[in-house]
Amino acid sequence: MSAKKRGIWVFGDYRNYFQNRVTLQLLSRAQELAKKIDGEVCAVVFGHDVDEYVGEYIAHGAEKIYLTKHPDLKHYSMEIYTFLMERLARRENPEIILIGATAFGREFAPRVAKRLGTGLTADCIGLDINEEGLLVQMAPSFGGNLVAEIVTPERRPQMATVRPGTFQEIPHNYVRTGEVVRTPMPEGTPAERVRLIRSERFPQRGGKLEDAKVVVCGGRGMGSKKKFAKLFELAELLNGEVGATRPVVYAGLAGHDSLVGQAGKQIRPQILFSFGISGAIQHTAACHDARFIIAVNKNPNASMMKQADVAIVADASQICTTLIQELKRRIRS
Amino acid sequence: MLKMVVCMKQVPMASELPWDAATGTLLRNLAEGMINPACRSALEAALRIKAAEGGEITAITMGPPMAEEVLHEAIALGADRGVLLTDRKMAGADTGVTSYTLARAIEKVCPEFDLILCGFATIDSETAQVGPQLTEELAIPGVAYVDEIEVCGRTIRMQRRSDNFLETLEMDLPGLITVTTGVHAPHHVPLGGLQAAFDKADILSLAAEELGLDPERIGVKGSATRILNVYSPTAAKKNLVLTGAPKRIVEQLFERFDDKLGGAIGKDLKTGKRS
Amino acid sequence: MFPPGSGQPAGIKDIRSNDLDCNPCMKHKVVRKAVRMFAEAELGPIARDIDRDARFPWEVVEKMRPLQFFGLQAPKAYGGAEMDSISCAIAIEEISRVSAAVGLCLTVHNSVGVNPIVRFGTEEQKRKFLPAMTGGERIAAFCLTEANAGSDAGGVETNAVRDGDDYVINGTKIFVTNGGVCGTALIFAVTDPQNPERSAGVFIVERDTPGFTVGEIEDLCGMRANPVSSLFLEECRVPEQNLLGRPGDGIKIGLATLDTGRLGIAAQALGLAQAAFEDAVRYSKERQQFRKPISSFQTIPNYLANMATEIDAARLLVYRACAVKDAGRPFGAEAAMAKLYCSTTATRVTNLAVQIHGGYGYSKEYDVERYFRDAKVTEIYEGTSEVQRMVIARAVLAQRT
C-alpha cells in the first residue's frame, strides 16, 4: 500500500479566467514543489458551471480535482467557500494550500487559515521547499523594502497567497488526465450572510495607469509645473502613462487620478521611470510590482534609488529633457 | 445610533528604514510612528457614520506603549474613547494571534458593538489579514475592501471593487468591514481636539492577563508562522548607478537597455548612427 | 525618538508632567507630529514658490482654519484650541520649519492679535471680535511701528481723538506684518499727544472701517510670502467699545503683549534654524569631495556640532519661558532671552548651512538660501536684539545682589 501522497492544493480562482491566470501559475509552481516533497498537485473548485475549468486545471498540471458543484455556488460566496474549504481540508489533511492573491483570495485565505488554526503568509513573491521539507514563503513588506522568508513549522496545512504574475504557467497539455473527486454540498452548509445585490464588470475607468506597461512617475524633485509637464511629453514618446506622488498632487502639478500610492493607484509596469521621488512607503508600496525601475534623483541614498535597477544621480528635470531629445532622435531614425 | 469599534495600528513613519545590517533586523523603535493610512480611512468612515446616524466610536490599538499616541489622535478626530492593548507578551504576534487578541478585547470593552471597522491593510506588514480573521474570531459577517457605505437601520449596504467586478453588497449588523483609502480620505488632526484628547484622557490600557488571554495563544509563542530571515532586497540589490553629464548618462542608458526599453514601448530604439 | 537631526532633543524622557518641568510629554510629541505632517503635506510643495512670487497662500490658510491654527491658545469658548504654551511653540516651530513666512503670520496673529483681546478684553469685546479671529476669517495684525517710532515706542504719533462716543484715529503705521491680509488690526495710538506715555491705547480696528487703507506690500529680502505693508488711518472712526482696556492702558497692554509676541518669534526662529540644520546634515552626508562625504572631514562635523548644541539650547530656552508663562509668573526676561538667543542662532545656523552647501547653497535650487534670507529679520522685528538685551539687563540689574 503506497503512502498517501502529500497534497499540494491550489484553490481554483476561475472568476475572470482570461485575465486571471493565477491558478494556472500556482499549479505550475505546485508541480515543482511536489517533486521535492513527493507531493500530489490538486486543485479545489467550488462552483456551478465549472466543468470547463476542471478540464483546464488538469491540462495545466492538476493531478486531482476536488470538486463541489451546486447552483447556489454560481457566484463566489465567501462564507460558503470558507466552510467548504475547511471541511475538505479537515477531511483530507493537505500539506500545503496555495491561493492566488486576488481580491477574493486575499480575503478568503485568512479566513480559511483562521478556521484551520494555521498560519498564512500573504502576497508571496516566491515559494520553495527547504532542507527540512518546509514550505518557505517569501513575502514583501514595508513597501517592498523588505522581504521575509517565513515558514509554518508545526501547524498544517502550510498556507500562502501568491501574487499573480509571480510564477509562469506551463503550457496546457490536454493529453493529461486527472482524478475528479466530487463532494456534494454538505448538510449544515451555512447561509451566506453577505448578500450580493449587484455585480457588474466595471469599465476600466482610468485603468490606463494601472495597466500601463510603461509609467513615468514624477515627484517633488521635478520642481515646477513647467518641468513636471515635460513628463507627459516623455510618457507619450514611451507609449506610457504619467504618475505622481502625493506632494505633487497636493501642489497641483498633477491631478488626483495620477496619484500612485496607497491612497491612489497601484501600478505594475514593465518599466517604471521615477523622477525626483524619494520613495515614501505609501508610494513604493504601490509600485514595487514594477519589473524594471529607473530612478533619477539628486540624492543617491533616497529609498527609491535603492530599490531601482538603475539609479541615476542627477537633476531629474535635466535627465527628462535629455531623454526626450534622445528618444526623438532614435525614434525618428 | 451605532456602537462602532475602529481597529487602528501605529506603523513606522520613516520612508528610509533604519536597518541594522549587523543583526539583520529592522530598528522599528527608531522610527516615529503614525496612524496607518488605511486605519485613518476606517476612522474617517466611522466618523461620517457617527455624523449622519449618531453613535459612539471606540478606537482600539495593539502595540507598544507608544501606540497610545494613535488613540489620542483618534479622540482628537472625534472618537469617543480609546483602548490600548499593550503587553510584552503580546509582541511578535502574527495576524492569527492579533485577531484573537483584538477579538477578546472587543468582547470585553464593547461586547454590544454594531460595526467594526478596520483599514484594508497596513503599509508595513501589508497582509490585509487581520480584518477577515477578526471576522472569523467573532463569528460575524464581514466584507473587505469596502469603498462606500450606507447605513439603513440594522443593515449596511456597501460598494466595492473586487477583481474587476463592481459589487453592491448588503449585510445585517453586527458585522465588520475593512475600508479602502480612496473614498474616505482622512483629514488632518485638529489642534483643539488634541488638547482636549489629552485633557480628557479616556483611554483604557489592558494587558494580556486582564483580557484573560491564553498565554499559549499570544505573542511569538502563539504564532503559527516563524520568520527565518529578513533581508532588504534594496540593500542587497546590485543596481547600476549612473552619474555625470546628462547626455553621457542617457547615452549609457540606451547603450545597455535599448532593447529592454524598445520592447516595453514597442518601438525600435537601436541606432547605428552616433550623433 | 525622531530620526536624527530632526529636532526632538535626545534624552528627553517621555514623562507626563508639564509644570515647571518643561520636558515635553506625549501630548507635545503628538502635537509636533500632527503639525509636521500638515506642514509637509500642505506647505512643503509650495514653500519655495510662495517665497519666489511673494504670494500669501490663501489655499493653505483655508485648510488651517478648521484645525484651529488661528486660535492656538484662545479659550474654547471663543473657538480656540486652548493649548498650553509649549504645544503652541511647537506648532509655530513646525510650521516655520517648512515656511517661516506662514509661521510668522500665525504667531503674530495669535500672540499679538488674539492674545491681547483674550487677556485684556471685556466679555463683549471677546464675544464680538474673537470668533472671527480664532476661526481664521479675520487675520490679525498688531500696529505699533511708525516711521519715527521703532524701538522707541514713545515716539508714536498716531493719535485717537475722542469725539462723542467714538474715537477718530489718524496716522500711518509701517512694516505691519500680515498688513496686506489682515481683517482686524490692533492699533497703538495716543489719545493725548502732550502726554503720550500716560494716554496710549490699543484700538481694535476692523479692515472694512471707513478711513482704514492698506498701503503697498513691501518688497522684502525674506519672509516674502507674508504681506508686510503700511496701514493708513485717515479720520478713521471707531466706537469707544473698540478701545482695549482703559485709556492709558496702552503701554501696559503693549508690553505684556510683546512678551508673548517675542516668545512666538523665538519659536519661529527656532523652526528656521531646525530646517537649515536638517538640510545641512543631509547635504553633508551626500556631498562627496576627495572621494569622501564632507561629513567625514573635521570642519563640517564641528560646524554641525555647534549648530546642534545651539539649537538644543535655544529650544530649551523657549520651553523654559513657556513653562514660566504657564505657571502664571512674569516671563518677560525669559521670553527676551529666548527671542534673543533663537534669533541669533537662526542667523548663525542658516549662515553656516549655506556655507556647508557651498556654491549650491547660494542657488535658489536649494532651500537654504531662503532660510538665510528669512533668518535675518528675526533679529530685528518684535524688538531688536538690542532691545531684548535692554529687557534682560533691566531684569538682571533689578535683582537683589
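We call the chains A, B and C, going by the order they appear; numbering starts again at 1 in every chain.
The working rule: a residue touches a chain if its C-beta (ideal position, glycine included) is under 8 Å from a C-beta of that chain, and two chains touch if they have at least 3 such contacts.
All figures in this text were calculated on a predicted structure; none of them were measured in a lab.
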Self-check item: Label of the chain whose CA centroid is most distant from the centroid of chain A
Solution: C
Practice problem: Could you let me know which interface, A-C or A-B, is made of more C-beta pairs in contact? | Solution: A-B
Quiz prompt | Gap in Å, rounded to a whole number, between the CA centres of chain C and chain B | solution = 38
Exercise. With chain centres taken as the means of their Cα atoms, state the distance from chain A to chain B in Å.
Key: 19
Quiz item: What whole-number Å value describes the gap between the mean CA coordinates of chain A and chain C?
Solution: 51
Practice problem: Going through chain C residue by residue, note those that touch at least 2 other chains and give them in order. | Solution: 41
Self-check item: Residues of chain B touching at least two other chains
Solution: 14, 16
Exercise. Would you give the residues of chain A that are in contact with at least 2 other chains, written as numbers and ranges?
Key: 300-301
Quiz item: Which part of chain C faces chain B closely enough to touch in the complex?
Solution: 1-3, 26-27, 29-31, 33-35, 37-38, 41, 63, 66-69, 71-72, 76, 80-84, 87, 91
Quiz item: For chain B, which residues count as touching chain A in their complex?
Solution: 12, 14-17, 26, 37-38, 94-96, 99, 123-130, 132-133, 135-137, 141-145, 157, 161-172, 175, 181-182, 185, 223-235, 237, 239-244, 246-247, 249-251, 253-254, 257-258, 260-261, 263-267, 269-271, 273, 275
Quiz prompt | Contact set on chain C toward chain A in their complex | solution = 40-42, 44-46, 49, 282, 285-286
Practice problem: Please name which positions on chain B make contact with chain C in the complex. | Solution: 13-14, 16, 18, 30-32, 34, 68-69, 72-73, 76, 188-192, 194-196, 198
Practice problem: Please name which positions on chain A make contact with chain C in the complex. | Solution: 220, 224, 246-248, 250-251, 253, 299-301
